[in-house]
Amino acid sequence: MIRSVEQYLESLNDGRVFYFLGERVRDVTTHPLVRNVIRSASMDYFFPNDPKYHDLFVAKNEEGEAVNALFISPKSSEDLLKRREIFLTTWRTGGGTQLHCMGIDALEASKVVAERMDRRLGTQYAERVAAYRRYLQQNDLGITGAMTDVKGDRSLRPSKQEAHQDYYVRVVDRQKNGIIVRGAKMHISSTPGANEAIVMPCRAHGEEDQDYAVVFATPLNAEGIKLIASEPPMRESGEAGAWDYPVTTAYGHGTSECMIVFDDVFVPWERVFLCGEWKFSRDVTYAFATFHRLFGVCRMTTELEMLAGVAALVAEYNGVEKVSHIRDKLAWLAMYAEAVSVIGKTSCLYCEKQPDSDVVSPNTIYTNTAKYLFADNYHQAVKTAHDICGGIADTIPTYADWTNPETRPWMEKYLGGKAGIPTEHRLRAIRLLKDLTNPHFQIGSIHGEGSLAAQRMFVYAGADWGKYKAAAKRAAGISGWEKDPVFGSLPDYPKCISSKMKPVDESYSL
Amino acid sequence: MIRSVEQYLESLNDGRVFYFLGERVRDVTTHPLVRNVIRSASMDYFFPNDPKYHDLFVAKNEEGEAVNALFISPKSSEDLLKRREIFLTTWRTGGGTQLHCMGIDALEASKVVAERMDRRLGTQYAERVAAYRRYLQQNDLGITGAMTDVKGDRSLRPSKQEAHQDYYVRVVDRQKNGIIVRGAKMHISSTPGANEAIVMPCRAHGEEDQDYAVVFATPLNAEGIKLIASEPPMRESGEAGAWDYPVTTAYGHGTSECMIVFDDVFVPWERVFLCGEWKFSRDVTYAFATFHRLFGVCRMTTELEMLAGVAALVAEYNGVEKVSHIRDKLAWLAMYAEAVSVIGKTSCLYCEKQPDSDVVSPNTIYTNTAKYLFADNYHQAVKTAHDICGGIADTIPTYADWTNPETRPWMEKYLGGKAGIPTEHRLRAIRLLKDLTNPHFQIGSIHGEGSLAAQRMFVYAGADWGKYKAAAKRAAGISGWEKDPVFGSLPDYPKCISSKMKPVDESYSL
Amino acid sequence: MIRSVEQYLESLNDGRVFYFLGERVRDVTTHPLVRNVIRSASMDYFFPNDPKYHDLFVAKNEEGEAVNALFISPKSSEDLLKRREIFLTTWRTGGGTQLHCMGIDALEASKVVAERMDRRLGTQYAERVAAYRRYLQQNDLGITGAMTDVKGDRSLRPSKQEAHQDYYVRVVDRQKNGIIVRGAKMHISSTPGANEAIVMPCRAHGEEDQDYAVVFATPLNAEGIKLIASEPPMRESGEAGAWDYPVTTAYGHGTSECMIVFDDVFVPWERVFLCGEWKFSRDVTYAFATFHRLFGVCRMTTELEMLAGVAALVAEYNGVEKVSHIRDKLAWLAMYAEAVSVIGKTSCLYCEKQPDSDVVSPNTIYTNTAKYLFADNYHQAVKTAHDICGGIADTIPTYADWTNPETRPWMEKYLGGKAGIPTEHRLRAIRLLKDLTNPHFQIGSIHGEGSLAAQRMFVYAGADWGKYKAAAKRAAGISGWEKDPVFGSLPDYPKCISSKMKPVDESYSL
Amino acid sequence: MIRSVEQYLESLNDGRVFYFLGERVRDVTTHPLVRNVIRSASMDYFFPNDPKYHDLFVAKNEEGEAVNALFISPKSSEDLLKRREIFLTTWRTGGGTQLHCMGIDALEASKVVAERMDRRLGTQYAERVAAYRRYLQQNDLGITGAMTDVKGDRSLRPSKQEAHQDYYVRVVDRQKNGIIVRGAKMHISSTPGANEAIVMPCRAHGEEDQDYAVVFATPLNAEGIKLIASEPPMRESGEAGAWDYPVTTAYGHGTSECMIVFDDVFVPWERVFLCGEWKFSRDVTYAFATFHRLFGVCRMTTELEMLAGVAALVAEYNGVEKVSHIRDKLAWLAMYAEAVSVIGKTSCLYCEKQPDSDVVSPNTIYTNTAKYLFADNYHQAVKTAHDICGGIADTIPTYADWTNPETRPWMEKYLGGKAGIPTEHRLRAIRLLKDLTNPHFQIGSIHGEGSLAAQRMFVYAGADWGKYKAAAKRAAGISGWEKDPVFGSLPDYPKCISSKMKPVDESYSL
């Protein structure tokens, strides 16, 4: 089934317990600020219904039903490239896939690990995941994924926490029909607009943590679930919001990430995809991260396109676009954007088959390298943008000043830049630059889709050290490279030449 | 005269035309947000009246009157160290000297250049500056300095601007009793709380720009002056502001920087300190910057103390203070803070006498090096703080959520960290970290007290290239170092030793 | 024709005038140090003769003759990927393509610009280039390319140099049968082992520089050519060289880059490919750089494989491979290596057709981004390697100490690392690390295949600023993006959704 | 006693067992390369005998005898500033204090820890150290210090090494008259020219490592000591060395750092300053490092003066000194040099009294910050220098080419730069730049005088976290800052002002 935008919007009026800036929100679709993220999420229902985008966003499931393409597992590079195209299209538009971004990757992670457990432990999880997938497809539900726990003392394992035992989501009761879960997840994107969530662990577990080893799906209006939204980077709505914080407004950034409290929530067994198999917790975390990095890299690509563009615009509007150090900085921003983009794309081209499964995931080394490159340089890019723009990135007046007839003439006159550029254009560009360089993006660059440490860990674990060491050993004359598939088969240089050369002439004075 | 806090507050109700977030502010001392910066400014009247601080903040002028110590020109390293102590004391307190920070340096710059012009051109400016200084002393007025013009097209000189001629403040009429000025200044700190401003050019001028070569003082409620405030990093006031944005609230950051519009403002000749002497515009800009870097470095020192401290607190509260990479990051923050601090201090120890004057200014190389070090690394420090803190630096709920009885218990339970640390402490620390890493500080790090390019320019111009080149020439065996005071007088090595050594033994096989 | 290694070696005994470390070298194939680079170059004749590599290294020309595959113009992504495979194979082996690396790109640049001139100016250069290509193919000659002039005062154009007019290679006489050229080229790789060189300008020219606008080919033993080699990073040959400087010895690094003096050298017209068409000088420079970056990125890839590998080996041998900050550093080295590699690969996948030609060149943005990423980080990578390895990277004794029976037992005993690792392995690994981090590589990282500034210039010139600005304009609400092929066709968000949403509920207190 | 240069030189012909590049060196003063470091060391005997420098380099000991000033313990800031002046003078000259640099700090560390042990354990070490000091003073001996062990597997403690027990120097026998020591020290500067060495542990010890807890002094020609020199950055001597590697030749860099093998060496009890008191090993390491950082920072200061100077010279000679990005880079080099210098100087101004002692040491935070700043940026500075200089920093011909009459004219003509600058000057400057950027300096920047990790550890351990945390707590409204000496005593802002302000006007629409 493909729902209409209206059907989707209606579905959110479901009694969910949602708090924002100290108030209970009665209807997420009508709250002046929260509606921004809902509006963006609605695009996930606009695109499939738009004939122009139908082929990209709609696919047939095994039963032949037309469903959201994101609900179909990727089986090839082409499938991943199509996902990439979906992500780029929506993020460039300003709305869409933000809603499903976590959920679809949680779904694939659940599937892959369920199949692995079934094969290795003889469990029966895979069919539950498959049934849940059909349920999502048939009802075209918005789904998010919830991974990061609130964690308490980061130096202690889940079961060793001192203040209480609930810093990581856990099973507190196993009943005939299902389980009772308690705890809280943090930074969960898309929560206000999602119908459902798949909940997963965020770390490896030991045997003593087995109650924390749990994966399940739940509607977000289930009894006992409370959603507490984070603080958005701004407080303005409507026209003021769109002028002063255009990107934050378009995407509803900052209203999206919720803390989800599970106050003894019941989950029926058919929605439980892992329960107690603590050795597989790590697999879920890794699998989710592996899938999810691709989305992250696409999102980043579109942000860097905007950032490079707005830096170039502001330079032009300020009359400095021909200054050599400005060009150098712009060139760097372009290289940064293209490097992240193309390494991300490559992760689809050289995809990896998941073990025990027919699903493919983006290349781990490339997604993590692209994500790290992004995150490791974003604060530097912000600095570059701030440097190009000047202090007005901080001190620019607001939409309220612009629309105040007493101040607008002075702003029109004095905040102009290069002759011929409307002052409004310059102000809008600077507002965009200010918006894109706020800490929401900076912190998101590091911690969204996994920390710098996580990327290093993935790359350290996945890099071809055998090949690298073989390269070094061969060059250094250390045995041990002879069986390397790349370096072991190369000609035996310099021996293969030395015999053909004349003897050395020792008469030179070196 | 030393005014009381109450007298100062009363003086601001002077009819000034002040706009903030789209509204005319009737009284800057009662506006929910603007009052923050006024409250901070008031400390400039608290300290001198507090017996404990009297000796530091009050000095005798030439007439023997007790006046604000900042109104007395520095004549020695001790005087500069005392200023540094004043700046550190107030900024560590959270209020004070922000008000006078620009004005006192503008006053010294005016004095120094007036004396220089008088000596070289035979003008009579110095006495006007001295009289104005006495006026400030006798009335204990809050004074700011206004330098940065709105600039229009940055590639064009003031007189060559195409859209209009007012992108830089200029004299539009010379009358019998004074001049008429027009234009606008941008990013002017302390404007809401200042009684007076000294207005200066922000660049060197050519002859065709001579109308733009003007320095003058004016009360901020003069007819034709309109103050348009910038957007603060937040919109919350009172308790909510103090909890969610503690530093921004304490200092009133972001409400302080105004655009000052001069809509044909009359300035009497006795308040004009330069008018048409375009060859000296550059001197004013340089002199102001030279004095003002010291303040900047002190401000930065206190910000870095807070940043290092809050990063350490959050690490402790999260239970990760013993992790080696966290310690490495904290050590880096401490080194960064101490390097900026001590180089700043050194700039007082090795102060420089201003030519044609008895005034001393902080060492140019050291203030600029300290400022550059600060600005060049601040975004990196922010990244480090974000990395240590985790995503909650972005997604933390607000004071409104904390005080909502429906959500507070969940926050109490789930947002705790290390056992024994009150959740409130952890949340307050994270709010401080979030506040300190907002773009106001980032942009201020680069553009406040002069851009990165300005520091490089100062250092390039002032560095002892003769000494460096002599070092290189002597080492490389290139003539030209023999007259250098340092390298020219050293022993003639290796000659002075070679003659005493035995001959080389050439029998080794090298 | 495909020559044998022996035929190639014999061909170098051609009377060339070659100086190295102060001596005339009588035979480049027998000089203890110079022979290293000849040995490496010989691999270009080994591979085509080895059945295993025949298909990769040999191709048919238009006449159906089997020739070196590098002498055939690339016409597709597949052709470029094949070139990449050739470059990677030889550089991983330790020999080959270094010889042809510059020449084949000079050949393609000559062809592309000759065709362009012929089409636009009616000249007849293309056939000369084609004939020269056939000559190279039929005689299987080793060819290099010579671009960088010695330049004199970098602030002056070629014709405005003050000391003399020969700082850039120029035509000093046009004769009936050919031209006379004078000047000198610098840093020319592969000179000792090349039979021929194509000489090109290294910059754009104005009309007054038209004598400097010249492209030609010449044998390197032509009368009037003098080759002066640069200083290698070491002075040891034979076993000592191979142990102490394994990579430098394998590739003959540092003996390869020559200054080529043209002391009034005659070039027949059939070897002149541009002469006076100063408007096309820039095209030659750009075309060469465009082709040549691919080689550079492949070379870098193999160097980074070795560097990542040797850092990992040394960490392992020192017993620190499990320390978390060491793993972080190794992961960074791997990401760095993979990013350069994969962006380089992508430059083949998304190749660009040269205007007026059937030849394709690697994607400009990607090769330059990869090269910049490499060069911008190499010194950092060196620092990382030095940090991991410890001071012994500097203070390690030599092969001579290792083979001295008086010192070897002490080295065996005391320079061991982790138990079980032979001391010799540890020493060899450290020697490799020391070798790979010498300034030859560092300087080469920046200036080899074009400076950092050159990459920024290429990317600034070639980046899709239209797309970036459209991204920013669309996001900021500034008109001008509507016709952009990517951003202009996206749905009209948020309008497309807003009409479907319920009205805003204004009753919340924000 | 103050020895003459001749007496010093003669004293080195003492039968020491010294190996260099595979050969036993019969006389360190006549070996073509080793003599360079001896020549530099001789300056320690030149300066005290030169009337001009007598006051700086000579001091009276307690007995009233004139002795080398470095043999007198520093008791005040003035004493440290005098040391700094000595270090700067010699390093700018090109010779001197390299010889004593390690030894005098080892002597102070021995004294300080001996006094501490005597006071706390009742041992009698202090008098031994004092007697040894008098012996050094009376015989004016050159002394070095040996700290870094060869270490074997870095993950294992000294006593847990698997291959053998001698990876750290240890006591293998305690006899009536003294001890027998075995092991090897690495990277020991000044060894060829030193008469004596003080040997110390390089790490903290546990009880099981007590045999490794040993501090002693020994002549370097003692039976069983073998010195194996490291590889210098070059192999040229005499004029060629001085032209091609001017700094390396002047200081004898690279021939200086030896591995010292202790093959069961006897040390009499009166030269044993710690033996088995394992709890104090750490104190020795720390005390030595604390003293020695000052020397390091002075050495670095002079290297950065040369580096900034040579970069400026090369820019000038290439005609690019007015290009803005070149100026930016030069300004950065100057700031870098001045920051390291002035923070180093400050470490003397704010010195620290050693506990249980009358000796003062340089400020730990400042020396470590200065050293870290140096080391953390040196590779970047090298990159900057390479970028400014161009590829010729790698490919420049040698002295041998310059003095070959066949090649010199071409070098004269073609390697010139800006008109008016002799080609020789340009070449000498580039050679200096090449020399200063070789890995000896790069690796030395990180590992000489302690690794980056060591500086972070020192600063983490010594930083005033109480002050920083108080700053953060006060700002964030978290209790716990009230007793901090700085932040606890500040006015109670904002309370002290709020009561004086009018009530808030709530009528604005925020």
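As written, the chain order gives the labels A, B, C and D, with residue 1 at the start of each chain.
The rule we apply is simple: a contact is a pair of C-beta atoms (placed from the backbone, for glycine too) under 8 Å apart; a residue touches a chain by one contact, two chains touch by 3 or more.
Every value quoted in this text rests on a predicted model; they were computed, and no experiment measured them.
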Count of contact steps on the shortest path from chain B to chain C: 1
Set A-B beside A-C; more C-beta pairs touch across A-C
What's the distance between the Cα centroids of chain A and chain B, rounded to whole Å? 39
Just how far, in Å, is the C-alpha centre of chain C from the one of chain A? 37
Mind pulling the residue numbers of chain A that touch at least two other chains? 21, 23, 235, 325, 328, 453
If you look only at chain B, which of its residues touch chain A in the complex? 19, 21-24, 148, 150-156, 161-164, 166-167, 183-184, 186-187, 226, 228-231, 235, 244, 254, 257, 259, 261, 263, 318-320, 322-323, 325, 378-380, 382-383, 386-387, 390-401, 403-404, 406-407, 410-411, 413-419, 434, 437-440, 442-444, 446-448, 451-453
Note: in the complex, chain A contacts chain C through residues 5-6, 9, 21, 23, 25-27, 29-33, 35, 38-40, 42-43, 46-47, 50, 53, 89, 92-95, 235, 237-238, 242-243, 246-247, 250, 302, 305-306, 308-310, 312-313, 327-328, 330-332, 334-335, 337-339, 342-343, 345-346, 349, 365-366, 368-369, 372-373, 425, 428-429, 431-432, 453, 455-457, 459-460, 463, 465, 467-478, 486-487, 490-491, 493-494, 496-498, 500-506, 508-510
In their complex, what parts of chain B are in touch with chain C? 324-325, 328
